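You will see subunit A twice below: alongside subunit B first, and alongside subunit C after that.
Right, the complex of A and B next:
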């Protein structure tokens, strides 16, 4: 385990206690703000909230098992704007990967961000979370300790084996630990260690071996992932299945809006040049007797795949946003893996690793 | 592309040897500085190459938006042939190298969508290589002819 590994006593309230520990960073002036999942007036859905005073941290749910939106976009906004201060951002591992990818795309800078991430048990879909929460208000805490609740996570999370954060300054350890008594916190970088010092943590008495719990989860989710990729790979290759899955697409562009990596202000697919000419539609109709009027949706999805498949971090927000319940994320992650394997690239792995399409070799050769 | 199909339909009133063969729709995206000149040279030298290719001249393979290729396939192309300058010879220093990476990624994507990788080809053909152009186009068209129609146009029905 990491050298700076320490325990945080949780007294059956891991979220509350961790919020207070984060509040100490504000109190001691180590960070100028903390962005973490929290609830604000009017909604119980955890959203990225910017906290600047430690007494406000009571509404913070850092380990919330739901994410209304991908916090990567909001963290990137902070990184882009804030230059001479440090802001702590609490992100899920997929969101960390998203921020790192956005930094590579020159959309943000990681310099002012202190990234705090956790071993992620997964997030629930928003409506499922809210329904469950009304029955049990302690859901964010109970979720961490209850594998039957964790099995109700979104389908993307259930098939995600990248639940360990990469590139974070601080990692919060949950798996294999008695989370209702204490959780583990370790600093991965110099900044992380500095922040941990301020949290007043206990030095570990007995070391916990997380390897077994991690391996078990990785095996379970890895198997689910392989099955999913297998199934979705077939859908993509088979026109009948493909049309059946994507036929309900409304062309609302929600998946584009949800995607933390789709950073363009004006999407190329929204331009006039992507409008399908009426002559094209009528030509198609002449051939087969009928043609769908909102056309070019395959073109939209494939264009997005071309743009994003190498960078897809697998957060699953596109599926969550889809009003037609199309498993967009499954399609993207499957395609993403194929493209990433070809290009030998893993999004969010390393901020220094260049984007594959910029990695061209300048020496001669074919 | 629709128009061309209709024209062939008109010709099909009586069967000729030409009609017995499958004539793929092939889009050729070629660089102005090398492959297009090579095609010109092939023409001047009276080297015959298959008439199935529809050549589109671009200033550089580096300007090939993957959209050109995706849209070609969606609109019924059976193959896309790309010709650019040899590495190191690019008029714009490294456009062809960018194209190579981009097309490599796109090839994986199209393969995931069920398009055979042979349907998308990238070749380096210098301006003086008229015979090489003839050979590559011939080989490509024959390859596609063996593969048959791509059928990828179905994906465009949504």
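Right, the complex of A and C next:
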């Protein structure tokens, strides 16, 4: 891998300047579109937006500290559909993992995607972001330079130590850099190098050592993660506690909708087999005098737990979507960590790494 | 529509079972008989087999129309709708001719009613007769009433009429009244059949007869068959390795190879062909149980495709190999045995072993089963000589096809049966890739049954590369195959062609065949047989010299008048030249026999010349051993070498010098050679390309890999695609012909019936739910899944075995198992 590193002068407006640099890719015809967080339809919440014209990039916030939805699903849709063209997609590291995992599941192809990702300071929850934004319109830029703001990120992000992108073509460097003056950009692949060539970047003047800042963050978030896994692990060990945590579930299936890895056309849980017969429920009620209706929600969560245990990329969208504030992501991440450690598997790490189910080979038949 | 044939298969070991199932699966009726009360033969005593140390006998069970058979462990028994199993039965007489044989069968009474006996074992307690248990090769005792197989089902006991003293004690204690004693009754039965297949196996050597290595005198000297039972959890020691003398754990174990084989004093001028691998397996399994094994051997005959790798694995995990034949053995104070051996001249070693295992094979003088010479009686290869499982099965399938050919045209689908499974239309045409001996024999077999065949051959001639490398007799045999194929109207031959595109499902494949102008037909066929062969390895440019050539070229050159008249003072053969190691880690089978055959040729023109062999292990399994014996008689000198110090070739302008180390002399030796033959082996031709085109597995070296190395040797693993001959593994001409016919037999199951029947239970995709993630595709062990054109995965209905792996892995139940009918 021929890695290159250069600076982009930010003039106190890292988001705007980076948007313009991305616009050059469109302008020069190196990509046919750019998908990046942006503002549309009068909403201030950054959503994945498909930009096809240079001048429209003014509404792009590539380093937005919020993500209305996981962009992984949208990037995957592009990858699946687009052939013979290149589309740049700006994704958070967890979204990159999501796309790679979806590619392994044949739900997309990485071939037409140029993946641009960043050292991720985390995203805020949507309501917190909007509240803060109304008081401070420069929030997307300020956030990058202010660790006290970053401490207001979602609980999933605060306990995420996988904030460096893996598998991206271009990485945007933020940590340990004076981001209001300049940010760093690296091409990680041949395609990445070709693209940053067109961004008119500067050769690094001063040398910055990011290692200390990275190590500090990794230590801080790593500790938070261990504490979280410890706490959630106790819940998972105890069925009563587990059911109690899920007790507020409304059965809205938002967590499933939010999940970038739930790729089934129609969820098995949405079908008859999960629709418990009323007789069933009343039989159960007869035993203890009562039964929650509708039944089968714990089965839904167990099913998702099985599907997520090896695949969860830890984006936290399920928790963010939950109207009952159930920490679903914590459950999946904790279980996922255990399963993934056992199987020596890390979802989204490498497109070539086989899905663990498929590594179990018996000689039966073949 | 013609009437199905009826056959008698004598011997219900694996060969007999294979032959019976082959015939049964192609619609014929079979009477399978055995003198034993249960089926399974010697395999009942062998739990695990090399090279994967698994069992897997059940993989013989039908995979098409599988509901005709009962599906469970074949150690329990074998049941197929078209097979009648007759235990306690033998053939008395055979009359008539092929196609119309009268076979007189004699059965003796079982004495224990299988419907009443529940296997409780009360009778075993009271039976006063004790005798050595054959199943454990006398390692343990059994009663006159006994359990005939370790796992047979129902768990009916049997009475051995030869040892029963009719005391009646068993009858007294039997609570279900299952036992009938009284006078033996024998029942005779006449069967009118098309052909008889003798699959009775070979007789094993009894080391007690020749009082070898104190067998019979020392309890801790046992045969390899007895050791097999010791390894088994259903055996007399429940899988623990113990010294029979005192029951102490056996830590140091010695295997002595070639006991009763390769022994001219016993009249055994043969190699038993399977014992080396058998011993390697046993030694490997014993290591798992904490023993320290040593194998004393003459040549380590790892001549199968994967066997050298199996040996390498065993060696690297601590197996000790000593090349020499131990000369004596004595009991040691404090238990165990003292083995004396002399690995190099002048050095005598006494070593203590807890247990000595004698690797016994085919008994010297084994002449084959009775009735072998009669017309219409066919004998499986495994009844002529000892064969490993895959060769036994290949031969059994080959023989069963020959038997079926006697009965004439193929059996068509019978109408109206009780099983409600659906049917799939199948093209009754077979594509054969490769026109060498394997492909030709497959084609001729199928055409002989009225199946149309298309042979695709890349050369502009049929016969393959073997026609260039073998001797005159072999060439004549191949010419005959070519002539027969060329004049057969059911065989279409496409020369200078190759398959380029392949699609479709089992029974309905399409292959686009292109000639050199990139034109050609799209062939619709039900099955494909890949017999693409291979060729001898070419020597590297650094070895190009008029006096250096492969053993195959040398063998042919010996017929040149120029060579015949030339002075040849010294010829040197270097065997295993850059094979059985590194990139080509397999034995090519043909180099040793070819080089040894050359010795006789050389002697006929040059009685005085020196003939030197540098070798690692001379590979002359079976009766090829006499070539080795003969070469030694003719004065060829054999010098073993190790891979770390191979003999060196020094090429100069006019001469070639071979330098090496002679371990018997203990010094460097040097030969000025007039001709050097290199056993540089054979290699597969277009394995990688074919594997990719047909979506099947291939090994590093380019050999196509079978579904199971033992039990499904010519199946590719993908139903409808079969592999045989040198494309699969190095084989002799006879074996290539057998493999071709076995592959034809497997293809026949699929194409004989234009309305092939699906299994009752197969997977189905619910297309609206399928996300095409392909997990099921990857996980399906039977290649029965493919991405369909309509945005959902699809199931190959004949290939699907209903195992349910796809159902388990599908995240949203888009894949379901369906059972039709009941």
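The rule is simple: the second predicted complex is superposed on the first by the 357 of 366 C-alpha atoms of A that agree within 3 Å, B and C clash if a C-alpha of one lies under 4 Å from a C-alpha of the other, contacts with A are read in each partner's own complex, and residues count from 1 in each chain.
The criterion applied here is as follows: a residue touches a chain if its C-beta (ideal position, glycine included) is under 8 Å from a C-beta of that chain, and two chains touch if they have at least 3 such contacts.
This structure is a prediction, so every number in the text was calculated from the model and none was measured.
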Does subunit B (first) or subunit C (second) touch A:357, or do both, or does neither?
both
Could you figure out whether subunit B or subunit C reaches more residues of subunit A?
B
Is A:283 contacted by the first partner subunit B, the second partner subunit C, both or neither?
first
Once the shared chain is lined up, is A:239 touching subunit B (first), subunit C (second), both, or neither of them?
first
So, A:20: does it touch subunit B (first), subunit C (second), both, or neither?
neither
Could you tell me if A:264 is touching subunit B, subunit C, both of them or neither one (first, second, both, neither)?
second
Go through the superposed model and pick first if A:291 touches only subunit B, second if only subunit C, both, or neither.
first
Find the residues of subunit A that appear in the contact set with subunit B and again in the contact set with subunit C.
357, 362-366
Residues of subunit B touching subunit A in the complex:
2, 66-67, 70-71, 74, 86-88, 94, 97-98, 100-102, 104-109, 111-114, 124, 151-152, 154-158
Using the touch definition up top, name the residues of subunit A that touch subunit B in the complex.
233, 236-239, 242-243, 246-247, 249, 280, 283-284, 291-292, 295-299, 302-303, 305-306, 309-310, 334-335, 338-339, 341-343, 356-357, 359-366
The subunit C residues in contact with subunit A across the complex are 52, 54, 56, 697, 707-708, 717, 768-775, 778-779, 781-783, 801, 803, 809, 811-814
Within their complex, subunit A touches subunit C through residues 105-107, 263-268, 271, 273, 307, 355, 357-358, 362-366
